[in-house]
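Below are two complexes that have chain A in common, paired first with chain B and then with chain C.
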Partner chain A sequence: MLKRLALAMLAAGSLFAVQAGAQTEISFYYPVAVGGPITKIIDGYAAAFEKENPGVKVKPIYSGTYQESIVKALTANKAGDPPVLSVLLSTDMYSLIDEDAIVAWDELLKTDSDKAWHKSFFPGFMENSQTGGKTWGIPFQRSTIVAYWNKEAFKEAGLDPNKAPASWNEMVEFGKKLTKKDASGNVAQWGVQVPSSGFPYWLFQAFTTQNNVVLMNKDGTQTYYDNPAVIEALQYWVDLSKKHNIMKPGIIEWGTTPKDFFERKVAIMWTTTGNLTNVRSNAKFDFGVAMLPSGKRPGTPTGGGNFYLFKKSTPQQREAAMRFAKWMTSPERAAQWGIDTGYVAARADAWDTPEMKKYVQGFPQAAVARDQLQYAVAELSTHDNQRVTKALNDGLQAALTGSKTPEAAMKDAQREAERILKPYRK
Partner chain B sequence: MTRTLETAGAWLLAVLWILPLAYALWAAFHPAEFSARFVLTAPLTFANFETAWNAAPFARYFLNTIMLVTLILAAQLVLCTLAAYAFARYEFPGRDIAFALVLVQLMVMPDVLIVENYRTMSQLGILDSTLAIGLPYMASAFGVFLLRQTFKSVPKELDDAARVEGAGPLQVLWKVYVPLAKPVYIAYALVSVSYHWNNFLWPIIVTNTVNSRPLTVGLQVFASTDQGIDWSIICAATLMTSAPLLVAFLLFQRQFVQSFMRAGIR
Partner chain C sequence: MNRTAAQVHGWLLLLPTAVLLAAFTHYPAGATLWHSFFSTPKPNRPAVFSGLDNYRAMAEDPVFWQSLANNLWFALGTIPVSIALALLMAIWINGRLRGRAFLRLAFFTPTVLPMIAVANIWLFFYTPQYGLLEQLTGLFGLPNHNWLGSNETALGCLIVVTVWKEAGFFMIFYLAALQAVSPNLYEAARIEGAGPWTIFRRITFPLLMPTTLFVLVNAVINSFRLVDHIVVMTRGGPDNATSLLLYYIYDVGFKFWDSAYAAALTMVLLVILGATAVLQFGFLEKRIHYR
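Coming up: the complex of A and B.
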């Protein structure tokens, strides 16, 4: 009875909303992934958009980390009450399609300007946003991995402060010079730090790309974790601490790696371009930003979040959501967003805006991520992504802590991934 | 000799236990540069608290959390007391099966039920409200179980004596059982309040706006996974949000410890 009453009330509520008509409300999940007053920036964007587009109301909902956001979005979707628009990891694309939660953007693109918008993004970022000939995600806060180095530490070690390691061998060679021990034999400054907590697969993908091997196929139904070149890449990573002694052994915490860099506990760190603004305001020394060193080729995965449009929405909401996404990714705003947060502005013309040109002139490090994009590959993403990725993460951490050899770890991970992915192959 | 060892062991454990809290205090009251360097002369500052407080509407979050834990606790106490009384002292058909079902509920992790609970809240039309966060927890199996055991241990003679004096069933409950179970109530209340004060996943899923979100969800703005962590501000925010619980515990420490000893919850 109570339930029926509640349903009746709901129905009455939605009837009322239809009658009110002119107002289209789009709810928008946004995961908080960078520090600082980020929620205020997003609120500001929503308000500015509403001002320019009367009749549309944007309701930003801050949904925790990326992990919590996908849980929240899928829960709400299962209960029939999803958001209209959400920023979620680009790698969640297959999972969202499998859940039948999202629609492709293609059918909404009607005018020429819409189609041009859709083509304006860097191809590197679209790799994780398209499958089966359709576009499911619009790149928004995207990143790649870059190397930050402490120029003062380079100088002290007798290295050229303006030259970051360009190859795997150089990284080891530089790392040995940069690793400093104090009188009692404890390491005071490590050469290199590649974080391995949380999502080690992402950093590992840099090594595999540099070793010229991919981790999955384009359809997201097959992984290649036990490919010899993959194992070789892992061996190199493990050897950085085990053989060459230039990286702290064990699992390296992602969240505190920038802090270690600021405290001069490490001379070179690998982390996201999303950290650029953070490093810029907190490093008390001269620092450089470089592309990752090459193995057989240069390379990095892309990362970060895309806009997704949920299926359970009215045509008006979809149209309004598209306008909002288009507005959020316009060249000027993409440029400003990049400057405020350090994310890579996701389209080429954003880099031609006057603000961006001025910013890059004063701070050339900002352009490194863009220049590296030509070597970037899609981030590891498959069907049932969370579990397939976890298989790899567990294997990587087992190898890095020394509880398995790289070969055994990758074979186990591949076996697990095979088991999970089998049902998706038709 | 054993005594000295025991004292030393106790101190060691106490120090280990207090270390994280001590570190949080250190980091919160010093500028970020000193969060990993322990220099006694480091300047003290309140700036971290200021930044943390201004990063989110914490005043509102405090209010929400307090309303939430009060609402849940009040409902739990009433429901569990009545249910436990029935299970402990009344014979009715299906009692044992019903009680077994309550016990089964103890085995189910609340996280498993998230989707189903969300659907229910959505059908009731109360998504994004304090009631929606609290509702799934109000009929607490743990509370029913705990109170039933306590009520069972109350001597039947007291119950009989009260009835001879002419007390009705509810009066017996109120005058005999509830006062005797006071330590259990206190212990249970502490567990319940601290659990719901700290609960995170369900609240973040079922709420959307500042009007209903509790403190833990407010803390999410500091979870900047892409960018690394500023320990000073996180510590300040954590201290700030857990301070009421810590202070309450320190004030009523003696009662709590005694209640736990008697109630047998650890």
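Coming up: the complex of A and C.
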């Protein structure tokens, strides 16, 4: 009995070995961060790719939120069995390099078409994907921050419904007209809402970029949280509620911000372009999508996820993974992905495809994010990223809830970031 | 000879549980202690012995101290209230009452729901302006308040959710215990002319003490163990006002990947829980008489 079992196992083992020799299997982790049937779309892509590329088997594995995905990927890496390919936050680049978990894409780019593919993405998205002269991430599900405004509310307030605030001063001026109180003195509708829960640093980076200052250096070893222009940007954000009374005081929840907008509790909201499809299907009023207002200049950080290639993989797997990533980011696929989800199609030629042209014609709001890209900067990312970012997040929330002044909050955050980053400077 | 056989027999019976406990409780605890004396290994920097460095860093870490203080307030806010509420509800629905089955179900429902779902529901209760709570306070003409977005109220909001979630669970234990109390005792007391308060104080409450101890142990453990709602509702914010010890350990371990420091923090949690267990079973148990 035992002998027979052992024989059967041996047979099964050799069968498996034969199959593995003929086919290259690439496992692929992906997170879901926006609404919609993402899992179905990804499975469809994988199946279509397998049909065009016999010999490669793609195994897509849904891995939760971005945070859960990086935990799973890095834990699997430590256990010696990471995925071959994974979509993770572009800002996790330094952490993945420090853990020695990923390889750069450069060595895989052999043909001219490979090299052209590599250069086809918007430069704004490549900033978070390259360091030390190498490319570690391939832009896939990328986004920026845009402003959504309620045209009906603008009309009621006597404003031009087709004109969003274009400057910091205009945002305050419009906001004052848009903030409405009910009979008992409670605010029924706020002018502006910039969410500050969870990852306030991302939205704050829009203010700092507009104030023409950067938060970190290119090597990810230095932050500039206590730069006077950074403090000034924070003062503007704090003043929206403290001085001008046009934004809800306290910490504003990211998750319920679109709902606040649908319920007409706020006239202008800042959120990701990834919410575009959500707003389009749920707003019961005419709405507009605009670039964020300018301070000294227009600006927004980019956000979202890149493809990373894990180090513990065979040469065949890496080659197949490159082909898959290239196929997934081809102009047609990038266009379709953008239309299905609201993410910004990450390359210029995707916007020239017939499907995308038709989509933008019927829904011009979709092109705002693309047009804003020329002003976009890299999202805050450093070595020991999450810890350095937390220092900033804590400082921002302290200033927004009024427990510290903007200046004290940013000085504390900078001191903490200095302490963490010192070992990374050589 | 016979005694040795009995000994072996006993040990064999204990073996499966002992192996499981050793593999999944004692070994990890020991390993955590061991790792807390080393630096976090990185690909180009293997772990080196660093003595008490992690503990020294902890002593200087303001977020750790705040998380610890938050956790004590959280425990103080949730444990007595949820136990008192559980006892009250149990006594109420133990009496003869119309719609008793419905009430029991209603009180127990929060326990059945997963914490993540509960937290998502409560997130909308607390939503400023149009959330349920705001609509209620609005009726009385009270001003708007950003409940989860203010340092002063965020932790209190989480305490309320936890009490709501836990009280029903503890009620079940009290209910079972109440039904085991012999009615003879009550009859005898009434014949002696004791009022309802005396009956509760002299008969019901003392007889419920073993249950109270059990519930108390669970409540203490839960106050250090439950962090699901923080992930959903506040992520430790604003400015760490709702960061509890276990949530901070998760942050350090799985966001910062500083496993050695996370191990040191875990030791603090282990010591706290160990100390409360010793206190509860060593001290309180002596003052409780079992039948």
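Everything below uses one rule, namely that the second predicted complex is superposed on the first by the 406 of 426 C-alpha atoms of A that agree within 3 Å, B and C clash if a C-alpha of one lies under 4 Å from a C-alpha of the other, contacts with A are read in each partner's own complex, and residues count from 1 in each chain.
In the analysis below, a contact is a pair of C-beta atoms (placed from the backbone, for glycine too) under 8 Å apart; a residue touches a chain by one contact, two chains touch by 3 or more.
Source: prediction; values computed, not measured.
Under the clash rule set out above, the superposition-derived model of chain A with chain B and chain C contains a clash between the two partners.
Of the two partner chains placed around the shared chain by superposition, chain B and chain C are both touched by A:Val71.
In the overlay built on the shared chain, the residue A:Gly185 is in contact with chain C alone; chain B does not reach it. In the overlay built on the shared chain, the residue A:Asp286 is in contact with neither chain B nor chain C.
Contacts of A:Val32 after superposition on the shared chain: chain B is touched, whereas chain C is not.
More residues of chain A lie in touch with B than with the remaining chain of the pair chain B and chain C. When the two structures are aligned on the shared chain, A:Gly250 is found in touch with chain C, with no touch to chain B.
Of the two partner chains placed around the shared chain by superposition, chain B and chain C are both touched by A:Gly198.
In the superposition on chain A, A:Asp160 makes contact with neither chain B nor chain C. Once chain A of one complex is fitted onto chain A of the other, the partner contacts of A:Asp352 are absent, as it touches neither chain B nor chain C. Contacts of A:Ala79 after superposition on the shared chain: chain B is touched, whereas chain C is not. In the overlay built on chain A, none of the stretches 44-52, 134-142 or 206-214 of chain C clash with chain B except 206-214. Chain A residues in contact with chain B (one complex) as well as with chain C (other complex) are 71, 198, 255-256, 259, 263. Of all residues in chain A, only 67, 71, 74, 95, 98-100, 184-188, 196-198, 248-253, 255-256, 259-260, 263, 265, 384, 386-387, 390, 393-395, 397-398, 400-401, 403 touch chain C in the complex they form. Interface residues of chain B, counted against chain A in their complex, comprise 32, 35-37, 55-56, 114-115, 118-119, 122-125, 127, 201, 204-205, 208-209, 217, 220-231. Contact residues on chain C toward chain A in their complex (touch as defined above): 42-44, 63, 123-124, 127-130, 138, 141, 143-144, 146, 148-151, 234-235, 237-240, 251, 254-258. On the side of chain A, the complex with chain B involves touching residues 2-3, 6-7, 9-10, 13, 27, 32-39, 59, 61-66, 68, 71-72, 75-76, 78-81, 143, 198, 254-259, 263, 271-272, 274-275, 278, 282, 304, 342.
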